[in-house]
Amino acid sequence: METFVQLLVNGLGKGAVFALLALGFVVIFKATEVVNFAHGSLVLFGGYLVVVTRETLGWAGAAVVGIVSAGVLALLVERLLLSRSKLADPFSLALLTIGVDVIVTEEIVRRLGVSLPFIGDAWDAQPLQVGGVTMFRTHLVALLVATVLITAFFLAFRYSNWGVAMRAQAENKEAAALVGIRSSRVTSTAWLVAGVLAGVAVLFIATQDFSGAGLSRGTHSIALAAFPAAIIGGLDSTAGAIVGGITVGLVDALSTHYISFAFAKSAVFLVMLVVLVVRPSGLFGTRESIRV
Amino acid sequence: MRRLIALTCASALVLAACGTKGGGSDESGEGAGGVTTGVGVTDSEITLGVMTDQTGPFKNLSTGITHGNELWVEDVNAAGGVCDRQVKLEIVDHGYKADTAKTLYPQMEPKVLGFVQLVGSPIMAALGGDLEADEMTTTPASWSSELLGNPYVMIVGTTYDVEMIDGLSYLQEEGMISDGDTVGHIYIDGEYGANGLRGARYYAEQHDLKLREVKITSSDNDLTNIVTGLKGQGVKAILLTTTPTQTGSAAAANKALGLNVPILGNNPTFDPLLHDSPAAGALDQLYVVASSVPFSADIPKAQEVAQKYKDANFTAPPNAGVPYGYAVAEVWGTVLEKACENGDLTRAGVHQALEETTSAETGDLVAALDFSQPGAPATREVYVAQPDASVEGGMKYVKQLFEAEDAKNYKAPHEGQ
Amino acid sequence: MSEIATESPPTAPESPPSPVRRRGPMWWVRGALWLALLVLLLVLPLYLEAQWLRAGQYMMVGAVGAIGLTLLTGQAGQLSLAHAFFLLAGGTSYTVLSGSTEGGTLVGFGLDPLLSLVGAVVITALLGLAFAPVAGRLRGIYLGVASLALVFLGLYFGQAAETLTGGTSTGRSPTPFSLFGFEFSNEGDLEILNVPFRQAERLWYLFLALTAIAFLLARGAVRSRVGRSWRAVRDNEPAAAVMGVSVPRAKAGAFAVSSAYAGLAGVMTVLWFDILKPDESEFGTYGINVSIAFLAMVIIGGLGSVPGALVGALVVNGLPQVLALYSTDLGWFTGTGEGTFTPVLISSFVYGAAIILVVLFEPGGLAAIGRRIAGRLSFTQRGKE
């Protein structure tokens, strides 16, 4: 029983971070219908800037720099590459992000060289014991930050001009343009937000508590697991991103112990496959109507 | 367009006229000093190959080993070389990818006498047949006794299975485990992990231990959930045949979850960089068994190599790979000298010399080695070390070279075949 | 290759492909060029060193796989990231079918290698067919990500099914391919024009034959009714259905055919490595990186273009090999230690950039560029007449 509770706690903590990552996918997809395969490289990029600026700025300053630069990189990718190819459909643009991902990831892995820096200085490896259960501080802070950010996002999405514009654009692009919504601004903001979320997430991922490894190629692989998170919830559902994230965290933790560690990685994807077969647009996704 | 066709035809004709690649020359011949030479050896140079990992998961250790090799080459050349020939290294990076290695190999093969370093069990698995066919004496940076089935493989130091057996007897001797206990073993799926596990299983059988085996892959770094499970099963110790990063995770979880049992790791499980990681505070329960010394062991030869490393201004932080790399190269020196004495510096001659090498001396960098028993590890002695951030290289001894009774009786998979 | 137009956006009315081939002067020129290429490829083993032949074989492995993917993704419009899984399935099937039961730890049927190769292709085709019901329910990017799940299943299978794959530890040696008693290995002495024909030379011809067959079949399929039904489904499913195309059948067919190609590429991979070794992580010989590399090949070559897939394979699979071969000759990238630029790294940059450039500037890929050049040439040609 104790083991089970501990696994639940581990899974929930990780789920919060997966939710942040999945939300990034969802924001971009909602605004542009593009699936961003470069999300993992945004995560790496933010983390890398923390590493290089930490010496001079201190951890807190470096963390801010990292978050901002991940956002800026996302913005640049959108402005310099995606927005230039107006003719390309979302499908081709998704392929384009694969190209971006390969380049950014390989370069950062090269720059990291032999070092595997951990970047969760403020909370890493300081567990709390509550009863017989260990709470990892990284997980606790991640849960808190995820709750705050996701709430803020929901509020912005519902009440801010950007949120309204984005929802309008997601509903009907042509109509939104007709009523004067500037599609480029909505799109850019979406990318910026996704980048920032990636920059925040990496502060929890490249830690001893979360991934057991510092910033490396493995960090990128973890961001990949946010794919099933986003898909399970439904690529165009913000609420779904949270459910999906938590699901992935729990499935991973529980199947590691109760089935086998080797199976855990596949288990997450298997759950995704089952969800997709039953509900092709994810649990909370809008059913895609066939456009004639 | 017609011109293009004409051009194509013309070039085809030229190609045909150039003659084919056939008609290669016989490579062996009498060289300087009355020594028979072959591939990779000229009158002035001996070329040894290094296929290493500069970009993959074992890049730290590999880089250390490469630098160790390089330091020895500098020394030996300064002292006049081997057999009146300067030693040269041909270094390539395969990024721990078998496919890249498989392509690089045919290109390396005609240039080198043997491999002083060949990193990684996946690469060994892919190239094993080629090495045997080409009679290429090779020192893999992989200490699996499974590799000893290939007569051209020279493992400097003991093998993972024997390390585990020695290490477990150390734990038992110190009263940390006793017969009948439950013990967890986390191992990487691969030749490395499988070989460590082989040793643990053998010991468990001898001492009635209940072994909880958990297989992981080299890229899984968060072992928290596994250690949570092992805690639930009441393990008295955790054995690791993993990467250094995974060691950090297991140690951190061991502490965080309040399990606090001793952790026993094979030689490659530790990397001094762990002292700079958040797991630094959790390393006090870690014991590492190895047949080569830590970077700054307090033996004269190790100190000497450490000093050379500092003088050479390498950028990478030092690790146990450096003295090991130096020692391996030195063993190669011994073997090459012997081949030179025999007057045969061909690949066959080197192999012959290897089998005649019953004692290779490395100034205690590695336990004394005996290569004359095909299929058997060249030594069964190990050191036990513990992490210590205050020393260079990050590790200090807790037990000097020893060979456990169980290790002596253990039969390696290809022994006596 | 001009009738394999692919990149017309769904809104643009697609001009009906004109399968009626005019045997004008361009036809002869094209034929002569193909013939010259074939002759060149046939004599190469007489001149190239073994390592170059091996690099070439690796490109052919890529080519066969890429042709399969371009049929699925380009012609039938179904994004798949599962290609690496089918590679593993094909390689494993061949090894198991042709292998022997070694010491009771491995399963092997000891079948004839040719039969095993065919069997492997059939098995992967069936596996592809088995995934078709899932694929049929999903569209576009959802399908792409869903297919990723297969790669992870493959990873687990490779680790768990040790009796079939040999496990990630030691892997398993495949039986060398042989045809009517002639072994494609170093076995026996064979010399042609003073050139010793060893494994590298022999495999070259085997791979060349397999690639040629794969190529011709694919072009045949594209030009036939099957190809038209795939394109109809890709461009507009309801319209295709109205035209009498069975959408589920067309989709399932494309998946099966593509998987069969990947299976063949898997057999070639295993023969090339001379070992079947499942991966230890999702990055490896049958990992996500491989699926993405195949996708890169077909994007660079031009989605849907069969000759384009060949060129894409040349770039993506060839570049790291060739760079690695040159680098040691020229002393490039040989530094040790941190932050080194390695051939593997450089080629990743190149194909990453190539994907971006193709999507931005030439969505039709190299195939479209080729078509344009050919078009211009034939125009001047006609102008002269």
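In order of appearance the chains are A, B and C, and numbering begins at 1 in each one.
The criterion applied here is as follows: a residue touches a chain if its C-beta (ideal position, glycine included) is under 8 Å from a C-beta of that chain, and two chains touch if they have at least 3 such contacts.
Treat the numbers as computed from the prediction; the structure is a model and nothing was measured.
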{"item": "Topology of the chain contact graph, where touching chains are joined (line, ring, star, complete, other)", "value": "complete"}
{"item": "Chain pair, A-C or A-B, that carries the greater number of C-beta contacts", "value": "A-C"}
{"item": "Distance between the centres, which are taken as Cα means, of subunit C and subunit B, whole angstrom", "value": "36"}
{"item": "Chain centre separation (subunit A, subunit C; CA means) in Å", "value": "32"}
{"item": "Where subunit A and subunit B are represented by their mean Cα positions, the distance between them in whole Å", "value": "39"}
{"item": "Contacts with two or more other chains, residues of subunit A listed in rising order", "value": "110, 113-114, 217, 221, 262, 265"}
{"item": "Junction residues of subunit B - those touching two or more other chains", "value": "55, 63, 189, 215, 217, 219-220, 316"}
{"item": "In subunit C, residues with contacts to at least two other chains", "value": "159, 281-283, 337-338, 340, 345"}
{"item": "Complex contacts: residues of subunit C adjacent to subunit A", "value": "9, 79, 133-134, 137-142, 144-146, 148-149, 152-153, 155-156, 159-160, 236-239, 281-283, 288, 292, 295-296, 299, 337-341, 345, 348-349, 351-356, 359-360, 363"}
{"item": "Parts of subunit B lying in touch with subunit A, wherever the complex brings them together", "value": "55, 59-60, 63, 189, 214-217, 219-226, 228-229, 231-232, 245-246, 248-249, 252, 256-258, 273, 277-279, 281-282, 316-317"}
{"item": "Subunit A residues within the subunit B interface of the complex", "value": "2-3, 6-7, 10, 109-110, 113-116, 118, 120, 124-125, 127, 129, 134, 136, 207-214, 217-218, 221, 252-253, 256-257, 260-262, 264-265"}
{"item": "Of all residues in subunit C, those that touch subunit B in their complex", "value": "29, 32-33, 36, 39-40, 43, 46-51, 54-55, 58, 159, 167-171, 173, 186, 191, 193-196, 200, 272-275, 277, 280-285, 320-321, 324-325, 328, 333-334, 336-338, 340, 342-345, 377, 381"}
{"item": "Interface residues, subunit B side, partner subunit C - complex", "value": "1-2, 4-5, 8-9, 12, 15-16, 18, 20-24, 52, 54-55, 63, 66-67, 70, 90-93, 95, 97-100, 102-104, 106-108, 121-122, 125-126, 129, 133, 146, 188-191, 193-194, 215, 217-220, 314-316"}
